[in-house]
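After this come two complexes, each holding subunit A, first together with subunit B and then together with subunit C.
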Partner chain A sequence: MRDFVDNLTVFFCKEFKSFFQNKMIYVLLPIYLIISFAFTLYFSTFMTVANPAMQQFFLLQPKIFLIIVPALTMRLWVEEYKNNTWEILLSQPISLTAAVIGKFLAVWAITGVMLLSSCGLWIISAGFIGCDNIFVLANYLMTFLIIGIMCAVSAWAAALCFNYVGAFLLSWAFLAILFAVNFDNYINDVLMVFVDNFNAKTFSDFAEISTSLVSGEIKAAFVFYACAVMAAALWANVEAVEYKRSEK
Partner chain B sequence: MLKWSEKLIMLMFIIGIVIVSVTAGVIGNLLFDAKGIDVTADRVYSLSEQTKEFLDKNTQNLFIRIYAAEDLAVKDVRWKIYLARIIKLAEDYEKEGHGKVKFSFVKIKPFADTQAEAEKAGIKEFLYPNGEKYAYFGMVLANENGKLITIPKFRFDDFNYIENLITRNLSQLTVNNNKNIAVISPFFDAVTKYTYFGMSGEWPFADRLRKSGYNLIALDNISGGINPNFDAVIVFYPLSLDSLTVYALDQYLMRGGKIIVLLDAFSENRFADEDEFEYISYVSGMDKFLENSGIRYSSNLVVGDNENNRDAVLDGRKIKYPLRVVVTKENLTSHKITENIKSLRLNHSGFFKYESKPDLDTKVLFTTSENSGVLPAEKISSIDYNTLFEHYKQTQQKYPLAVLVEGKFSSMFDAPIIDTPEIIAKNLPFLSVPLKEGKLLVVADSDMLGESLWNANHAKNHDIYGDVFVSDNLQLLLNALDYMTSADYVSVPLKQAAGYQENWQNLLQEKAEKKFAEAKNNYGKKLLSAQRKLSALNNEMKFAELSSVKRIKEIEQLQRDIERYKNNLEKINYDIEKEYNRLFLLFAVALIAVTPVLITLLLAGMFGLYNKKLLKKAREYGNE
Partner chain C sequence: MLKVRGLYKSLENNKILHDITFSLQKNQITALLGVNGAGKTTLMRCIAGVYEPDAGSVCFAGTSIKKDRKKYLQNIAYVPEWGGLYPDMTVFEYLIFIAKLNGGCDKKLLAETISALELESVIDKKCAALSKGYKKRTALAAALLKKPKLLILDEPTEGLDPKQKIVLRKLLKKYAENNAILISTHIMEEVSALASHILIINKGQIICDAPLSDVEKTIPDGNFELLFYNLDGDKH
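Let's look at the complex of A and B:
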């Protein structure tokens, strides 16, 4: 277990630093902040409605990270494939799972840094118009969780490609599927037939879950959903790298 | 190009993630159902302490039944969220109800028995937003004796008010009989109907009091006195009350009566005679009655608050208007009546002076802030901002706006009034010494019950639920009645009410207006003065047999001046708009352009420092 954690830490640190070393963060961070603030001010009702928890800002975040996350994850495995470092990596006595989780955590942490850098809006809003600070903090955490799902799915998709463009597009497509696919109505229809007086529920509608998580009530079912999807995507990521190795 | 085997693998992965996400959703729902953590400051998603306390004390069996169209949740995601919220709330009531609260959920199918049952209980149908077909979504609350209270339909607007509604109604079901409240409203019929500018309906505050467990009875004819069995009497908008009414109120108080008086300084002064610059001063007729309890009401002065107020549009301009007083939490005294009150809105309110009387306990319930002033009441009717503020005096003192007096009142009369009707003399003989302790609450503004001062949804839905509260005015009256009548009704504090939050647009607009306030006032004054002169000259010309050239030139000059001032005011308005845009741009640039650069530089600096440190360490190792 200790080795696993050590390996994971090494991968995390290496990957996290690489975002600074290859200057990617210095490009993506300003882009993220500009898009994020511009959309919040110009394309939402942020200015005109009472906003104790800055919901208009948080509701936009999953949509903005739909572009940012694939850009961050596209190089996670492609770089290893290109430089053939993954062959060396996998021949070492290290756990592939640790590598996958370490890389995923690094990307997730980078999105955390990005999200954290938007705190300026929170600070000035709290100073001038007043905020429900616990609610805002919870919204930051929940948005981070939602982005975590996106990072896991995107990292997995990126592991299936050998080039940057392919990895970006595939990651984006997977995230788009995650957003668009909604089987809730079908599941509800089936359950309504079998369960007496069943009331329609939200099961896997990602868009609705991401909205619900920043509405002031953190539902355990949705947190479980987020963790489960993240875990499944990470498992699929490990399998995808294994598959790629076997293919080679 | 991807190989077929690769495509297949990818497809399997996609199907896999979809299956996992659906399974995770289903398992999550099965394991945790609706469990969650409420992170809102007002605890919007949790039962309040008041509700829990009520449920702890409740000994009766209560029933909550939600009726919803079978396809309500699948038609619109907002209804789905709303329905889930209401169901969770009802489940919480059941959970906290110690087995005394039973919840059931009924799906209404078209033409089925459930539809007839819902309609019979008073659930109202409504159209889906797409206009497709009729839907149902309401609630029926009942007690073990079969007494029902129906919420005919829910609206999106009252999301944060539902708990208040349910708890209040459940507490009403535990009370055997509703309380009877007599209403004396000499100016208009406040109880039975609402007629105003051709519209008619029930007065919203009267309607809400009825829905909150009070029977309102209009006391138009006072010749029989006031029955001491009334749980309380509301004197609303008293103008020129006759001596018999005052005598009846006095004797009601001597018999342990509870009286709430809502006065109005503005109304007492606003009625103009034929010449609109002269005002007839009405009086409430209650001055002596109040003085007898140690309260003096200023009906000639209207109070303003420079610190807590609301905007008004005067002369086509949006201004900070101190006469629209907002009472905030800091200016409320701790008392059962002011419990749960966050903010009150008053318009052109009077104020009180008071002195303590023996045997009476006097308490001020709320005041203006210290940054207040007064204005002669008759000046308000000029509706002219500049004249109005010429007369406004800043006094820097707190003005009491509501006073509660409790105890054994002494009669203001030494003997029965001469023209006491026989029926009163016989049934309610004169008392000079009190029989029981009474309660008297006086509030300095009757406008506060006007719906526009407490409901953002006003004039939209007089017949159904769906209030969006912008102040606690109505709650104050309910609290006062609950306190005065010792009713066991329960009120829950309003959660996240719309009127309590500031927004960025208002903040920037206010700053922009402030910059041009002086110039705007100047031109406003000049324009008004010119308009008055012109009107006077025109009047003069009407009666003059011959128009002099001088007068005509004067009129022409004034017309030119008026045009110029109007243009200047328009330009100022344009400048304000420009200033607002400038401030917004500044805000946007600071946020969109400056912040990203600064944060990126900060990160780069931090990483640079970290690298330097690492390099230094490496060198040290090398040297070693």
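Let's look at the complex of A and C:
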């Protein structure tokens, strides 16, 4: 277990640092801030209606990260194949699961840094219009959780590809499906077998989740759903890497 | 030390390796020879844990790669033909990264390895900025940090200048005093300068597994090039 955590930490640090070394963060961070602030301040009702929980800002976040997350994850495994470091990794006495989780956590942490950089808007809003800080904090946590799902699914999609364009497009497609399809009915069908009259509404309906962002709620059902999807996507990611090991 | 028994591997529905069986001994440098496409790199990747064999067994000192992958790989280091370095890392960062993946960084060993491979002048350079020779030496240094009992090198001297080749040969000979080394090469002078044992692979099968001295006796004028010319002719 200690080796697993050590390997995970090594991969996390290496990946996190690489976003700064290859200057990617310096390109994506300004783009993210410009889009977020421009759409929130100029193209929404942020300035004209009472806005204690910064609803318009948080409603936009999943849509903006729909582009940012595939751009971050596309390089995770493609770079290993391209630089031939893939062979080096596979010949080390390490757990591939640790590598997969370490890489995922690094991307998630980078999105966390991006999200934190938007706190300036919170500070300004709190100063000028007054914010319900607890609601805003809850919204930040919910948004971070949604982005976590996106990172895990996107990292899995990227592990299936051998080039950047393919990895970006497939990741984007996976995320678009995740947003477009309401999985509640399927989850209901499965869970109803175990629990009578189980209602999974708002388990996975992203529109519903976005609405709950407006009210600053943290729904336990969604937290459970998010953790389950992340675990499943990470498992699928490990399987994809293992499959490539036998086929590449 | 290493025992390979009945190894089969196919890639994209092409049978690459068929029924490969051989052993490697301690204190021995074995040269793996064969024409392009014979299966040398695939065989090395199967031994190094990069590929999973379709059938057969690979064991090192009694530990099977299938049964205890981690313990098996602790004894083996592999340097692929194209280095396998992270371009954004400096040489030092790369060596530390590999050392950490193998349980930690032994500072004394790190300093010795950097010195033995004359990497001091490029230690803070990014891997992307290195010449081919330095890339090879950095990859080899990372492999040596594992203190492997079996070192697998794919085309180790390609891209090195004559001085670097001599330094590398000395280093490998010294390392082989207590360990085993498997090298794949196209350069015949490497074989006679380094190897004590020969494995020749053709069309995915081992066709020769013998000491260098025995092989040289059976080849007219000790001419390996002629042997490969004949094997290649066989292929067409």
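Rule of thumb we're sticking to: the second predicted complex is superposed on the first by the 224 of 248 C-alpha atoms of A that agree within 3 Å, B and C clash if a C-alpha of one lies under 4 Å from a C-alpha of the other, contacts with A are read in each partner's own complex, and residues count from 1 in each chain.
Methods note: a residue touches a chain if its C-beta (ideal position, glycine included) is under 8 Å from a C-beta of that chain, and two chains touch if they have at least 3 such contacts.
Since this is a predicted model, take the numbers as computed values, not measurements.
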| item | value |
| --- | --- |
| Superposed partners subunit B and subunit C on subunit A - clash or fit | fit |
| Contacts of A:Ser91 with subunit B and subunit C, given as first, second, both or neither | second |
| Contacts of A:Leu178 with subunit B and subunit C, given as first, second, both or neither | first |
| First (subunit B), second (subunit C), both or neither touched by A:Met1 | neither |
| C-alpha centroid angle, subunit C to subunit B via subunit A, nearest 10° | 170 |
| Partner chain in contact with A:Arg245 - subunit B first, subunit C second, else both or neither | second |
| Partner chain in contact with A:Lys14 - subunit B first, subunit C second, else both or neither | second |
| Winner by number of subunit A residues touched, once subunit B and subunit C are compared | B |
| Nearest Cα pair across subunit B and subunit C, whole Å | 8 |
| Subunit B and subunit C footprints on subunit A, overlapping residues | 247 |
| Parts of subunit A lying in touch with subunit B, wherever the complex brings them together | 20, 25-26, 29-30, 33-34, 37-38, 41-42, 46-53, 113, 117, 120-121, 125, 128-130, 132, 134-135, 137-138, 153, 156, 160, 174, 177-178, 181, 183-185, 187-189, 192, 197, 199-204, 206, 208-209, 212, 216-225, 228-229, 232-233, 236, 240, 243, 247 |
| Subunit A-facing residues of subunit C, complex | 11-12, 45, 48-52, 69-74, 76-78, 80, 82-89, 97-98, 100-103, 139, 142 |
| In the complex, subunit B residues that touch subunit A | 6, 9-10, 13-14, 16-18, 20-29, 31-41, 44-45, 68, 70, 73-74, 77, 80-81, 83-84, 87, 105-107, 496, 498, 500-505, 507, 584, 587-588, 591-593, 595-597, 599-600, 603-604, 607 |
| Subunit C partner contacts - residues on subunit A that touch it in the complex | 3, 6-7, 10, 14, 18, 21-22, 83-88, 90-95, 245-247 |
